[in-house]
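Chain IDs A, B and C follow the sequence of writing; residue 1 opens each chain.
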Amino acid sequence: MSNSSGKLAPYIHTEKSAPYIYMTYLAALVPCCVCSIFYYGLRAALLILFCMVTFVLADRFCGRLSGRRVTGDYFDISSLVSGMLIALMLPPDTTLLTALAAVVFASLITKQVFGGAGSNILNSACAGRLFVELAWPTNLQGFSYREANSRLALKSLIFQQEPFKLPDISQFSLAELVAGNYPGMIGTTCLICIVAGGIFLILKGSMRLYSPVSYVLTIVTLYPVATLIADKTFTYDGMIVYLLSSGAMFVAVFLLGDLTTMPSRFASGVFAGVVCGLLTLITKTFLSPVVSLLAPVLAVNFLSFVLDFFSKTLSRRKIRSREVDVS
Amino acid sequence: MMTRSQLKKFITEVVLLFILGAAIVIAGYFISQNNAEKRVQSEYHTRFDSVLDSYSYKKVKSKALEDFPEIDGVYIGYSATGIAEGYVIDLTVKSLSEQDLSMLVALDYESTRVVGLTLNPGNGENDYTISDSEMELIRETVIGRQIPIAFETEDSSEDDDASDKVAITGLHDGVYYAQRLFDDRNKYIDYVEMEVSNGVITKVKWDAFSTDKTNQDRSEASLRGAYEISGLDWATQSYNLCHALLECQNPDNLAMKSNGTTDIVDGVTCDIRPFVELAKECINNAKAGYDKDDYMNGINAMLTSLYDKNSEDLGYTNSDGHIVFSFEKTPEIYTIYNDDEVAVGVLEVRQIEAKIRGASDPSLSLPDAQDNGDASGNDISSGEYDYSEDGLTSGGDADEQIFTDSLDDLPMSEMASFIEPAPDCYEQTRTVVKACNTCYKFLKEYMNWKV
Amino acid sequence: MADRKRYSFYRGLFTGDVLNFSKRSPFVKEIMFERIYPTKIILPMKMHYGVPAIPAVKVGDYVKIGQCVGIPAKGTFSVPVHSGISGKVTDISDIRLPNGILTPAITIVNDQKRTKLDSVKPRSGLSLTAKEAISLIRNAGICGMGGEGIPTAAKLQRARTESVKDFLVNCLQSEPYSTSDLVAITEYPDYVVLGSCACARAVGASRCIFLISENRKEQRHELENSLAKIRNDFKDLEFEIKLFRERFPQGYYRLVARALYKKNLAAGETLERSCKAVLFNCSTMLACWETLSDNIPMMSRIVSVTGDASGGHNMLVPIGTPISELLLNAQDIKNGSDRIVWGNCLTGIEVKDPENTPVVKTTSVISVVRRIEVPKTPCIHCGLCSECCPMNLSPNTIFEMLNQGLRQKAAEEGARECIACGSCSYVCPSGIDLTPAIASFAGEGRIIESNSLLDNSVAMGRPYEDFDMSSVGEASLLEDYSDNSEDGRKSASDSITLPFEKDKEV
């Protein structure tokens, strides 16, 4: 401690810096992007780029507005991640205006107001997506598919398309659902891509498995109960279709696996995952699919704040009681 | 921020992920595409089996669809061997009461006849409902008809019966003939042969023989490829045109434009001026009872007046009995000159013969009206000429209706079928017909006339 | 070994981490093990946990290898200091060690003659009583070589009074890059084992347990072989090798307790009392056996010169060797701009003046690491620090509280528990210096706590004090090591176990 000059220990540092973590996120989302561009073509690519760029700009703008000093060389890659996440959760026929609204909301309200990158207690991508879903539900119905879907079409980016009636997903074969060959949010359809991204994140240590695993397990175990209560019927096919097509896997991997907004401890992480799964199953009966998928994530984000606090208090109490015993 | 090696490693990973993602997606796409195709086909089958039972269906992607917002989808049904069997058009039309009627119309691929009609289950509050029994009746009337469809009652009730039965009255029964008096660039001489029975033109033939007797007739030459024009081969065009005349009964109704072409006869792109002229001459002859033999005699008379020999003597008669002679060297014999010696018209053979023989023959100068009653009393239903033809004006139309009257924005002249509305459900039938006609309009644009 | 169970505490840095500790395995095989004879040594009088020894030589005196140059002051908690080279004393002055300790130091210039004291020779008879052994160890100046620096004799004595069951030998060198303990095992497995056995007997333990990482197969085999050789000689002892997962900082006694005994030791609790076990570093055991068998005082030790900017060198160096001399012998260190760290690179202290900074008894490693610029970003609340904190703290929360001046709250969060292992700073993706901030806070607190501990241990140590007083006179006779060691053997006097002193120890 007396060594006032120079850096103090430790003198080595993991290669996992914050930008690196966010970059692994970007990398993990690459397969999903490929998927979206393959199926929806140029407009998906433009949508993703647009969201990323506007998110960065919005962050810069907000940062300047709030007068927070951002160190010059520090480029907040989390903006790119959030932008990409938002874009991947949009339907293919979303106008840039709607995307912009989502991005601005996410950046301004959920990120910068809480104090910038990492300080947000809510997942900004999730919040932004949910905001546009609630504000303009009709603007997010453009799922052009098959014949109506042209890879080069760009019109939908500017002009609001007619809401496209989604075909009954349950008619799709398993192969299609797994491969992502069905209409849905541009990046959330391909299970294998999502899982590949998830595995990459786990290998890079940029993701905690507690919440995602418990979330998926909760849905798998309680889906029969939920549907039996709601519809009096249950089929395994229905469950698999729901799990694959609703975007639940995407949410599990990329929203619940987030380091920043999810609890860091095992118990609270599992608890959060279970709660999120439960809320999704409950709200799915009376809310729109996207809302029932994303709103629980935000709820759990709030919860994780509280949860981490509680789990700490509990462990501290244990320490204290032991101290008492000793003395 | 990151060391170079770290960055390099990272970029490698990203590239690998990209390749992996692409591999997954493309492989997944092709693996699942088969399934998707099957599922889509089975979906199509459940939807379309009631109207058109095909082995497979394929959705039509066309720019033409953009102009038809009421059409939800157009599908072509194929047989197991891949032959197109028909169209299925899924569309929603507005009824007269501005309600939505969503239905499937199936059309035969070749003849564009309606082969199936079915209603889609309603999906909105503003649905136009047609009961099953009504639909059955409508089916009976509509199925089998060629589109576009119009109502008999609607059209004919508005028109004067007399005016639309026979376009030209006063035709004498018999076989009439007219040929041009000079050859064209290709050394062909056009001729038209027309048969009139009961005051109605029942047979028309337009062809041309070559002044070079060794050559074939034009129709034969065109079929063998020796005579080529743009569009369909000349023989077919000629056939089409003759049929068109049979239906409209009046060369004026062929709507010849100033450049000698017509728009309203499908598949006819050639210059129809010779035909129209010759057909008119034939009709004039028919009115005058100046039949083919008279005509031949007329030409012989012309030859005799010029050369003092008839055609056989001159050797101008070919094996078919046509007089193969071009009067181009002696235009004065058929040209009408005004006072300034400027050519203003062409005389018909009958008139020339009359001129040669002096205007003493009453049969030539006086129109013979003795068959008028026959002709007017002969009820020629327009429906009799349907089906085989390609969207031509039916014979029942009056001349002035061609451009003035229309149904569903289609000129009456295009109407292929005329039906009676199903009993007690005029509006329902009308809505279905509207749907059918919408299909026609789409096909017209989509197929670009190549029916 | 029959026992295939892997022990570990929960959390901590995993071997699979980016640091990739397993990278060291090949190093161990190719370790360059060298003996260094430096041109001069600087012997600080305080290299242990306790009060400084008093220089027993004057400037100009000639000292031999093994000669005692610093003796503990009368009645103080201290250990003697011995010279590892022969030569002339050129200077006795105060120096400041990198950890901030101001201590008198004796500078000896090497005459390169390697004149040994006569007494430094294999001992003939090995029949020693426990008291004799402990006294020998005390007089040899042995203190905990893993880094704690507590005089081994005192620790042995305390273990004896607590009548511990398990004698644990810590072979878990989990600090990044450092391999000195592992080299000690590879090179002198018999010495380590024998030293452990002797000390285990001295404290009256019934079990002798070697704690070793599961990845250190080579060392494990060496130990097993050695154990097989001596098993028959120590029938009263039960031997065991326990495999541990390779995690940092596994060697810390509280974490060993957690892993082996499933007990969470609160600050102030001792392994001896709570778990009836005592933990010694394997290098210490090596030094003990050298003393007991060969009469060699603690005058040299194995030091790793290592780091990401250097290969893995292990050198047997006289204590007091300036770091610059060490680095001279590590040929592969080229870049002068690299950071030289006194200790391992997670918990060590940067050395600014390698010329005058000596290797001390507790220095197991000199790390040479590249200067890295960690990008500083705001905390992203990733929770990685709390995930790896071996003491189950939330460094980010504590850091935030300390920043806002909420010291009381930080203490409630358990900030005082911090063992300054450096894990949180290491993993922090935002490059926040968590460890220095929290450790300094904890360090301030520990003074208070060790004061309270002092009270306890005074009560605890009181009975010996009277006894010790009688032998203080003999302790002052430590003018010459050889005399003393003979005396110590004969008198079999017990060590002076004074209460732990309030100290400035980091």
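The definition used in the following text is that a contact is a pair of C-beta atoms (placed from the backbone, for glycine too) under 8 Å apart; a residue touches a chain by one contact, two chains touch by 3 or more.
Since this is a predicted model, take the numbers as computed values, not measurements.
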Q: Mind listing the chains that sit against subunit A and also against subunit C?
A: none
Q. Between which chains do we find the greatest number of C-beta pairs in contact?
A. A-C
Q | Chain at the geometric heart of the assembly (C-alpha centres) | A | A
Q: Give, as an integer number of Å, the spacing between the C-alpha centres of subunit C and subunit A.
A: 48
Q: Could you put a whole-Å number on the gap between the CA centroids of subunit A and subunit B?
A: 61
Q | Centroid distance [mean C-alpha coordinates] between subunit C and subunit B, Å | A | 106
Q: Provide the list of subunit B residues touching at least two other chains, using ranges where the numbers run on.
A: 1
Q. Residues of subunit C that touch two or more other chains: which are they?
A. 375
**Q.** Residues within subunit A bordering two or more other chains
**A.** 15, 17, 19-20, 73
Q) Any idea which subunit C residues touch subunit A in the complex? A) 17-19, 96, 98-100, 176, 264, 266, 268-269, 308, 339, 341, 343, 345-350, 352, 367, 369, 372, 374-384, 386-387, 392, 394, 397, 412-414, 417, 420, 422, 425-431, 433, 435-436, 440, 443, 506
Q: In the complex, go through subunit B and note every residue touching subunit A.
A: 1-3, 6, 10, 13-14, 17-18, 20-22, 24-29, 31-33, 35-36, 38-40, 43, 59, 61, 73
Q: Using the touch definition up top, name the residues of subunit A that touch subunit B in the complex.
A: 15, 17, 19-20, 23, 26-28, 30-35, 38-39, 73, 146-147, 167, 171-173, 175-176, 178-181, 190, 192-193, 196-197, 200
**Q.** Contact set on subunit A toward subunit C in their complex
**A.** 1-3, 5-21, 71, 73-74, 76, 78, 115-119, 205, 208, 259-261, 263-265, 308, 312, 315-316, 319, 322-323, 326
